[in-house]
Amino acid sequence: MIKQTMRPRPKGRDAYRYFSSFATRWRDNDQYGHMNNAVYYELFDSAVNKFLIDSGILALAGDETLFLVASSGCDYFTDVAYPDDVEVGIAIRRIGSSSITYDIGLFLAAADTTAATGFFVHVNVASDDQRPCPIDSATREKCAALVVSADD
Amino acid sequence: MIKQTMRPRPKGRDAYRYFSSFATRWRDNDQYGHMNNAVYYELFDSAVNKFLIDSGILALAGDETLFLVASSGCDYFTDVAYPDDVEVGIAIRRIGSSSITYDIGLFLAAADTTAATGFFVHVNVASDDQRPCPIDSATREKCAALVVSADD
Amino acid sequence: MIKQTMRPRPKGRDAYRYFSSFATRWRDNDQYGHMNNAVYYELFDSAVNKFLIDSGILALAGDETLFLVASSGCDYFTDVAYPDDVEVGIAIRRIGSSSITYDIGLFLAAADTTAATGFFVHVNVASDDQRPCPIDSATREKCAALVVSADD
Amino acid sequence: MIKQTMRPRPKGRDAYRYFSSFATRWRDNDQYGHMNNAVYYELFDSAVNKFLIDSGILALAGDETLFLVASSGCDYFTDVAYPDDVEVGIAIRRIGSSSITYDIGLFLAAADTTAATGFFVHVNVASDDQRPCPIDSATREKCAALVVSADD
């Protein structure tokens, strides 16, 4: 398995298709005075689920299937710290039979390039027993607007 | 010591003098599907510190004194859940020689009355050894606009 | 309503009836280098729910009723910071028709007195519509061992 | 750049050299009733910093250099949920001139294989201006006991 053959670099806003805004919180800053590395994932999660809710894929009540995170990762470039406002952009790199891979970028509110970039692999599972399920065509259609080419 | 001789009740927006907005996050919801009780305090903390930063009381770099929370509390009235947007209002009930007592209210974005009300007692301490320090007159002046009468 | 007519003081371990241990986490420390005030409530919540699970009151699957926090509070006495180990003691001050009031104390692992003391008011509600429900006799019996007299 | 040419698989305890134990917390469980994906990173961070503190590399007071996370990732295999107890194992895959790459595994307390595996790339920076700094020989020596061969 080969990893990171190229050093990760910040991306521009045009790499993403759906944006959410978040205020940082006092507790986001850790002892070193900047947003703790785990908090980026909280914001990634919030942005991806916001897309799922806004697009009508996820109702958060009575859903027959839901998405669980099977893999995640983040490269950190620029310090972010409370009380910064941030925006999280998402795009979809790949839709498999039962999984979706999101590209995610976190921007300081006024910035053109990402302070951090990451990814989420979401697996579609049955709500009752969490077995992987094929992603239905309605969901695929709703996701289509976020799909980008896998050029990096 | 007598506590809660009157059942706490939601308050209106006019009980507060300074407002901050926050997007909720996926992780704010606990297993019961609504914002966990501890998260309210994260938002209280973020709102109070935002006031301190915006008003120039707290620089978060080289401050000779800082405020620590000596006491806090919250009454929860209405469910809040991701992806709700919320607003936190604060007011100052009392400025003592070295402490400030904040009244805090958390509102759903479109609501007229609080989903939760709480308080923070902040003690002003020296940054180096954390001994309590008198609150200086410049800080008292900046806080004056938030002071409300202690009528409840 | 009269509040805090007596200054709160640390308590000893004999004020509590059930103890849970927790390792602190790097992220528990905020920018001031000690455990953030909201984290105490995360630990209070974890200790109270651990009692409910251990005693068979809460199954976390198929429960007909559950407990929601209606009110909480904390007085902070002594600094706690990652990587400290802590213990949380709980006792029951009052069992009402549909609510339980817990006294909670957080101790540094080697300490005889609390670093912080707090309380939780839990309301028993129906899982489906969250209307308050009477606490049944089986639960009352299981809680009896934690009851202390309300002498402070 | 090629990623994930092999599907990640759980690892055994012998892949790790230093273990820390953590109790989960009520708030770790998200709305789906298991430990939220971001919380794994909180535990990774806590385990790595515990090693740094225990080995005398990090004093958390007056340090001339500190380690910041430049990259992180996690593959999730098995559900973890409050009130589970977990153990986090760490090993060092690579010590560069100014960075350390940790392999991290999270185990349910009684399990032989990881519930999740991840990594952290820590960069050594100056405390004052956060410029990358060479890792000194004393630190390299203390880290040596954790080094494993990069065979996967």
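Here the chain labels run A, B, C and D in written order, and each chain numbers its own residues starting at 1.
Keep this in mind: contacts are C-beta pairs under 8 Å (C-beta built on N, C-alpha and C of every residue); 3 or more make two chains touch, one makes a residue touch a chain.
Here the structure is a predicted model, which is why all the values come from computation and not from measurement.
Novice: If I rank B-D and B-C by number of C-beta contact pairs, which comes first?
Specialist: Greater number of contacting C-beta pairs: B-C.
Novice: Distance-wise, how many Å sit between the C-alpha centres of chain A and chain B, to the nearest whole number?
Specialist: 31
Novice: When the C-alpha atoms of chain B and chain D are each averaged to a single point, how far apart are the two points in Å?
Specialist: Computed value for the inter-centroid distance: 35 Å.
Novice: Between chain B and chain C, what is the separation of their C-alpha centroids in Å?
Specialist: Roughly 22 Å separates the two chain centres.
Novice: I need the residues of chain D touching at least two other chains; which ones are they?
Specialist: 26-27, 31, 33, 36, 38-39, 42, 45, 60, 82
Novice: Among line, ring, star, complete and other, which best matches the way these chains touch?
Specialist: It is complete, because no pair of chains fails to touch.
Novice: Please output the residues of chain A touching chain D within their complex, sorted ascending.
Specialist: Residue positions touching the partner: 1-6, 8, 31-32, 36-39, 41-42, 45, 60, 66, 68-76, 79, 130, 152.
Novice: Looking at the complex, which residues from chain D come into contact with chain C?
Specialist: Contacts found on chain D: 20-27, 33, 42-43, 45-46, 49-50, 53, 60, 82-83.
Novice: Where on chain B does chain D make contact in their complex?
Specialist: 26-27, 29-31, 33, 36, 38-39, 82
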